[in-house]
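Here's the structure, in structure tokens; my notes come after.
Chain naming follows the written order as A, B and C, and within any one chain the residues start at number 1.
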Amino acid sequence: MKRMNYYLQVLTVIGINIILAVSLNLVSGFTGQLSLGHATFMGIGAYTATLLALKLHVPFIPSLIFGAAMAAFFGFIIGVPTLRLKGDYLAIATLGFGEIMKNILLNLKITGGPMGLRGIPKVTNIYIVAAAVVVVIFTLNRIMISRVGKSFIAIREDELAAEAMGINTTNYKILAFTIGAFYAGIAGGLFAFLFRYINPNNFGFMKSIEILCMVVLGGMGNTAGAILGAALLTVLPEFLRSVSPLISQYRMVFYGLLLVVMMIVRPQGLLSNTSFYFRRISVEKNAGKGGR
Amino acid sequence: MALLEGKNLTMIFGGLAALDSVDINIEKGEVLSLIGPNGAGKTTLFNLITGVYSPTKGSISFKQKEIKNLKPYDITRMGIARTFQNIRLFGEMSVLDNVIIGQHCRTRTGVFGAILRTSAVKSEEKKVRDRAMEILNFVGLDREAEEKAKNLPYGKQRRLELARALATDPDLMLLDEPAAGMNPQETNELIGLIDRLNDMGKTVLLIEHDMKLVMGISQRIMVLDYGKKIADGPPEKIRNDEKVIRAYLGERSRKEVRAC
Amino acid sequence: MFFQQFFAQVMNGLTLGSTYALIALGYTMVYGILELINFAHSEIYMTGAFVGLIMVTVYKLPFAAALLAGMAGSCILGVIIEKIAYRPLRKATRIAPLISAIGVSIFLQNAALLVFGPQARAFPANFSAAALNFGFVQISSLQLLILVISVLLMIGLHLLIHRTKIGQAMRATAQDKETAQLMGIRIDRVISFTFAIGSALGGAAGVLVGVYFNSADPMMGFFPGLKGFVAAVLGGIGNIPGAMVGGLILGLAEVFGAVYMSQYKDAIAFAVLILILLFKPTGLMGRRIQEKV
């Protein structure tokens, strides 16, 4: 029974990480904008949802959604100045924003400072997470097969050509970033109501890097890959910890190496980059004589 | 009334004038060719018209509206489309998706529509796909619809660029060296294609080095040299213009031009 | 009295700012040539501090030798990073070298954490500051040392870039890689050289800051790295005099800003970044570069 609970717990965490990975994949994999602060948006979702539930006794689902909306709002605020430009300012801005946010959380009274917030009711369970994963992937997939999703990919492929096709690239980049932050906010809320205790370090730079590793490992621009990456990088540390607690000290060293090696040796990730929604399109009958 | 009117266009890059006080008029329905040696400023003129750069000096009006300070996506929406000299397709996307993206500015599905997939969204999607196939058919790429754009051979990539530009439903098409890298047969097909575009009512501004193509297809030719306009007129006149021959074609090519 | 305090703050700002400027130069030089944010630059800086520290504590070398050793260590590290982690990705998508850079940064930071432990190491006492009296203003000898060395290094860089052949090659490569290559410039060597110089300057900053705050630790690169980048953007990324000016302004802004909100000292740089991106994305001295189409 205890073992069973442990497995369920790991599975639940995998689900939360899947939401984080597929949402970062939307920003970095599909739209091509590197974000180094995805965990920050998770944190905003977690803190907002928790405070609503603890202080204002708002029910779980509205708290969760409001937390996600708050994360999206911050995503938008950060995205507007940084995504107007070509180049890689988003990476630095998200990095800086993450640190500022941590600073604020550490200093504010209402967020409990470094102690964080305790006594959150345990609401999140495997069923709720599974449902959330399904909703997130379903909606994300709908977006990606639509005009909006194709515009995201076009921006990644060639920003200038995308503009020449009439795509307002700034707005679409901000849109992708905001949606990504929204999903991360959901994951944060689920996280808070699972572990019942949050503090600023849960949502720091290292967590952001961990999420990035999931996406890179599975394959950038590939939802199935992000899912695989999330599962692998959730289970692997658990497994290694059971082998030797020492190894977990080397975890970040390994993550660093992983990013470099994957970029050089297999940038498309473990799964090749024909993601499933591409295949879905080609099955549809209208796709032309050449369709398989 | 001219469809597009550029006045006194000047573009300076770090002290060097890539374009120097150039006037350009494009009449509705014509095929106007832009020729000149490498580095003459032809592509720069395209970049000014499509809003990629904003001119150091001068003004551009399209359909009687000033477009100098508009963004490229606004200009595309107003009805100007272009191809790129150094092909800029969406390489990882399918040929079909490239053309579907081309219709971006003529469609409207947003995030919520995409998630709900209302019947309006579905019907828009179907219309877009049908139109894309029609365009691919038109340029002769229908059988490659499902291939990744980057896997197409060079000549077909050029045609896909043209298809994608056509998909934006433009009134004016700017084609930057569309025949570059094509074999003679492909070039001939391209000439047919441009003719048919013109018959469909599209106004075309064409940059091309292939003299046979230019002389055969253009109603008018404009010549740039070192950023300055040195001639503007019907092909017969340009062919015999001493200034053009001297500046652009050099002694050896003179016979070539006369020959065609 | 007020003047004395004000002057002391200015000196603090300039000292801090000159180290930001040294770091910013590394970012700006690399960005100018590769259009890559070299995230590993913070760890190159940290490495400089540790090499300097080891030279002083283990080998009992004098400061000048430690500084040179720190610069040399960072320089070698920078060149190796470029060769291994960036060069294979020259033709890859834009995001790939960026991810590789962040990977190198994470790797080095945590490798240092394993080797040196998380606690800060102190430089020996004979490096502490003496106060120099100039009439009614006081300057610490360390501040003066840092300022003088920074200025000398920047003058050296200026001469290198404008008076030597390799400097000319660097400028040409930054302007147009293809054309430079056609002119017979060996791009790979120029890029290696750029990393070497930029990293050496970063390493110098590491040693100077290590001595100034009398400590070095594996995470020490994080904020100075971020701020060095902000300084580079503030001055106009890719613009070398801009990086110097940006560093000094940021240092002053931070010191005077901290008077009012010391808790959020590190947020000042970030606020500066957002303001610059909003109102003058080309930076104070940057010229608009048009992507060739």
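Basically, a residue touches a chain if its C-beta (ideal position, glycine included) is under 8 Å from a C-beta of that chain, and two chains touch if they have at least 3 such contacts.
This is a predicted model, so every value here is computed, not measured.
At the centre of the protein atoms shown, by the Cα-centroid criterion, sits A. Using mean Cα coordinates as chain centres, the one most removed from chain B is C. Distance from the chain B centre to the chain C centre is 45 Å, each centre being the mean of its Cα atoms. Remark: chain A and chain C have CA centroids separated by 31 Å (rounded to whole angstrom).
Chain A and chain B have Cα centroids lying 40 Å from one another.
In chain C, the residues touching two or more other chains are 293. Multi-chain contact residues of chain B (touching two or more other chains): 52, 84. Within chain A, residues 160 each touch two or more of the remaining chains. Only residues 287, 290, 293 of chain C touch chain B when the two sit together in their complex. Contact residues on chain A toward chain B in their complex (touch as defined above): 139, 142-143, 145-151, 153-154, 157-158, 160-169, 175, 179, 221, 273, 278, 281-282, 286-292.
The touching residues of chain C, counted against chain A in their complex, run 35-37, 39, 84-85, 88-89, 92-100, 102-111, 113-114, 223, 226, 229-230, 233, 263-264, 266-267, 269-270, 273-274, 277-278, 281, 291, 293. Chain A contributes residues 28, 32-34, 36, 81-82, 84-89, 91-93, 95-97, 99-100, 103, 107, 156, 160, 209, 212, 216, 220, 249-250, 252-253, 255-261, 263-264, 267 to its touches with chain C in the complex.
Of all residues in chain B, only 50, 52, 71-73, 76-77, 81-82, 84, 88-94, 96-97, 100-102, 104-107, 109-111, 113-115, 117, 121, 124-126, 128-130, 133, 136, 142-147, 164, 168 touch chain A in the complex they form.
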